[in-house]
Amino acid sequence: MTKVDILIVGAGPAGMSAAIEARRHGASVLLLDENAAPGGQVHRAAKPDAVGPGAAQSREGAALMAALRASGAGLHSGAVLWAIEPGPRAFVLQDHAVHEVDAGRVILASGATERALPIPGWTLPGVMGVGAAQILLKSAGLRPRGRVWIAGQGPLIWLYAAQALARGGEIAGIVDMSRITPHALLRLPRALTAPGYLLRGLAWMRAVRQRVPVFRTRDVVVEGDGRLERIHVGGQIHTADTLLLHDGVVPNTQVTRAIQGCEHRWNAAQRAWEPVLDDWGNTLIPGILVAGDGGGIGGAAAASLSGRIAALEAVRALGHLGGAQRDALAAPLMRRRRAELAPRGFLDALFVPLPMPVDEVTLCRCEEVTAGSVRAAAGLGCLGTNQLKAFTRAGMGLCQGRICGPLLHATLAEARGVPGGDVDPLRTRFPTKPLSLGELATLAPSASAASASGKG
Amino acid sequence: MFERVEPPDCTITWQDREIPARAGESLAAALLAAGINRVRVTGMSGAPRGPFCMMGVCFDCLVTVEGEGARQACMVPVVAGMRASP
Amino acid sequence: MEIFDIAILGGGMLGSAIGWGCASRGAHVAVLDGGDVALRAARGNFGLIWSQSKGDGAPSYAGWTRDALAAWPALAETLSGFAGRDIGYRAQGGLVFCLGEEELEARRAFVNRMHNQGASDLRLLSRAALLDLMPSCKLGPDVLGASFQPQDGHINPLMVLRGFHAGLAAAGAAHLPGADVVQIERDAHFKIHRADGTAVQATKLVVAAGLGTQRLATMIGLDVPVRPVRGQNIVTERLPPMLPLPASALRQTIDGTVQIGITNEDDGDPEPRTRVMNLSTMAARAVRILPSLAQAHSLRSWGALRPMTPDKLPAYAQSDTHPGAFVAVCHSAVTLAAQHAGPLAEGILAGRLPDAVAAFHPRRFHV
């Protein structure tokens, strides 16, 4: 059993910033991350001397990592959180051993996952996420080569393409599935109050368009015998060995949804569920806070600020800081966070999630449940994703709805003709990550008694 | 497919085939760099699958590593000489 | 306004079985169901179709259960047709494993007691006899024996529920999910008011609302005490065949997953939560029975709440003050589904419950 003032889960921008801030005020900090190294998705393998597209962000990430190393926070990489119980007490798996951590406060900084884009054929080997390819580029130095296509919408497509081209990669074509709507344009003026953001995006897009053919259609189908071989774009067939899909990101709420009483709300603009939080990041469960994209998509800079704000609240709650001091330190951070979030309304309105596919397309990759089966279950009276799961097994497989959850939700809402907020999200349960029964069994009272008597 | 910017610095074994890799990168990255994007078939229909999310979320890249089944290839760091199979 | 022959208040395992039983016999049925996160015990059911361990000191329960087992093969075939897949019904016998001498002796005494009450097929198997019965099974050294009931079996409870719902749709029943019942009026027929402002009219009604039964039963003049008893479950990834017969708290499904159960937590906590300590204890016992499970990954865990009466037996009754209004509640709604869809539904249609359930009138809780 480890005891610590503040346990932080996820070493991305929010988690690292929270750890650094909490240490600054004297709290003991343990920072966990599933990956082999800190950084999260956005600062993965960040370098202080980065150049090219996304370099500024990479340099920020490298600075955070350096500050983290100097902060005195404990960092456990390759550590998987699989349960949180009242206390809060966290259960962690690392190197096949189960650890319990009692913390004064837990800050969950679990970030975002890519919203899946289920086009016909998307389960074939060779089809991946754009975010996945970016991880390959950043962490393993793999650049695209050959018949690599990109389809979907959102800024990450252009950032990745620009980064890949700058590193000498090749992209055969990009299918831009976005549509500019009056609804989005209404939100443009506020977005322009933070112009750096949009200008960077436009620069990536211009650089990419000079070198890669761009198609504007939503008619994309892939096929192949055992792996991706061809892509149909607006009825035209091209050879393809890799397709990278992207439709924005959604908060990773796998852990918060498993905590009894931790309410979530439907964010209609972002079309995603997020935990109910106050300005500080407190959930409705005492002792548990959320920082960063796991509490609602805001991007790396906003996540980093949220991490610091949550840390200030946590150290205040543990008596390391007075309320007035907390407020004074947090005020400029909150102001900056508001400024960072300025372009969100425009981006959210511009990149409304793409419509769900025809009946034949698989939505749940693990249990291989099609959109048609989901619609049939809606016809049997499934109001939400939990009854749907019971009836179809959709969301019941290894990924526990991490990929298909938003898709099942969107398909049910569409089929029922109701707003997303009327369709309950999948409930999750601890253990939220698979562990072996042998590992789980080590916590049994008889097992500990046996091992204790063995030692004695 | 994908190609390496940096040269490999070790080898690992996938099924019976030796493939180049870089220590510390994910096993899934090493497989993809070697042109292997098909790592398993599903338990339900036998459909082929490969790495998809690369961040430990989708569980589509499950492989056997050093005899231990159901490991996420995208979360397993490469160690020189590592043995893995579908 | 449409007047249904029968309104079923509850679309879980019990309500949908009764509803389908009535609808398939020609009645015009409405099933009023909960929302997506209704505390549906069927989602937490372990999936055993089970007679051993049941009916000790309660012969009517033993008989009702035995009849259910006999009716299951035909029902399973029908439900597989509705569900559009094999719903996993297998009845080649069921086991209760005994770990250590103490458990073996306690089970031996139980088997003897049940023999004296007419359960002649139940027997205690030694470890050697168990290994003869399941030669491929790699039992752990602590397994000293098991009780064996040849008629017991298992099924996929979620597919049973889906099958009933598909059967209801096929029989033209109306499924009305998503709103609680707030009031029941009785005039020439029953008028059932729901929280969303809608109302449903029916000539007869059946309260089959699980943990909601007590609240609704008072609206038809019956007092049926029901309390939640939590059961936690773990299910593993798909594994090669390792356990050919289902056992109490341990079974391998037709999909290859191994399901591990199931706690009996009678602590008054109305949340279907899971707790690491319980899951861990369950995992440890499963690993003692089948040591190779130690390497298997847990895939999912969940908790569900069983609706439990004071004596743990079912309660079925027609209201004296509201003739035509019935109540049904029990915790073994999977095993008993064949009775609920059969004789119980027939009795409700006829306006008189079968004699076989006379012993289960809830008036027994008020003597």
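In order of appearance the chains are A, B and C, and numbering begins at 1 in each one.
Throughout what follows, a contact is a pair of C-beta atoms (placed from the backbone, for glycine too) under 8 Å apart; a residue touches a chain by one contact, two chains touch by 3 or more.
Listed by chain with UniProt protein names: A = FAD-dependent oxidoreductase; B = (2Fe-2S)-binding protein; C = FAD-binding oxidoreductase.
Values in this document were obtained by computation on a predicted structure and should not be read as measured data.
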(request) Please list the single chain whose C-alpha centre lies closest to the global protein C-alpha centre. (result) A
(message) Between A-C and B-C, which chain pair shares more contacting C-beta pairs?
(response) A-C
(request) Quick one: report the Å distance separating chain A (FAD-dependent oxidoreductase) from chain B ((2Fe-2S)-binding protein), using the average Cα coordinate of each chain. (result) 22
(request) Indicate the whole-number Å distance between the mean C-alpha point of chain A (FAD-dependent oxidoreductase) and the mean C-alpha point of chain C (FAD-binding oxidoreductase). (result) 39
(request) Between chain B ((2Fe-2S)-binding protein) and chain C (FAD-binding oxidoreductase), tell me the centre distance in angstrom, where each centre is the average of that chain's C-alpha atoms. (result) 44
(request) At least two other chains touched by the same residue of chain A (FAD-dependent oxidoreductase): list those residues. (result) 397-398, 434
(request) Please set out, as single numbers or ranges, the residues of chain B ((2Fe-2S)-binding protein) touching at least two other chains. (result) 70
(request) Could you check chain C (FAD-binding oxidoreductase) for residues that touch two or more other chains and list them? (result) 237, 295, 297
(request) Please give the residue numbers of chain A (FAD-dependent oxidoreductase) that touch chain C (FAD-binding oxidoreductase) in the complex, ascending. (result) 83, 85, 91, 260, 379-387, 390-393, 396-398, 400, 423-424, 427, 429-431, 434-438, 440-447
(message) So in the complex, the part of chain B ((2Fe-2S)-binding protein) that touches chain A (FAD-dependent oxidoreductase) is made up of which residues?
(response) 1-6, 22, 24-26, 29-30, 32-33, 37-39, 42, 44-45, 47-60, 62, 70, 74-75, 77
(request) Using the touch definition up top, name the residues of chain C (FAD-binding oxidoreductase) that touch chain B ((2Fe-2S)-binding protein) in the complex. (result) 237-238, 255-256, 295, 297
(message) Show me the residue ranges of chain A (FAD-dependent oxidoreductase) that touch chain B ((2Fe-2S)-binding protein) in the complex, using the header's touch definition.
(response) 34-36, 41, 113-114, 123-129, 131-133, 135-136, 139-146, 148, 167-168, 226-228, 241-242, 252, 365-368, 397-399, 402-403, 434
(request) Sort out for me which residues of chain B ((2Fe-2S)-binding protein) touch chain C (FAD-binding oxidoreductase) in the complex. (result) 43, 68-70
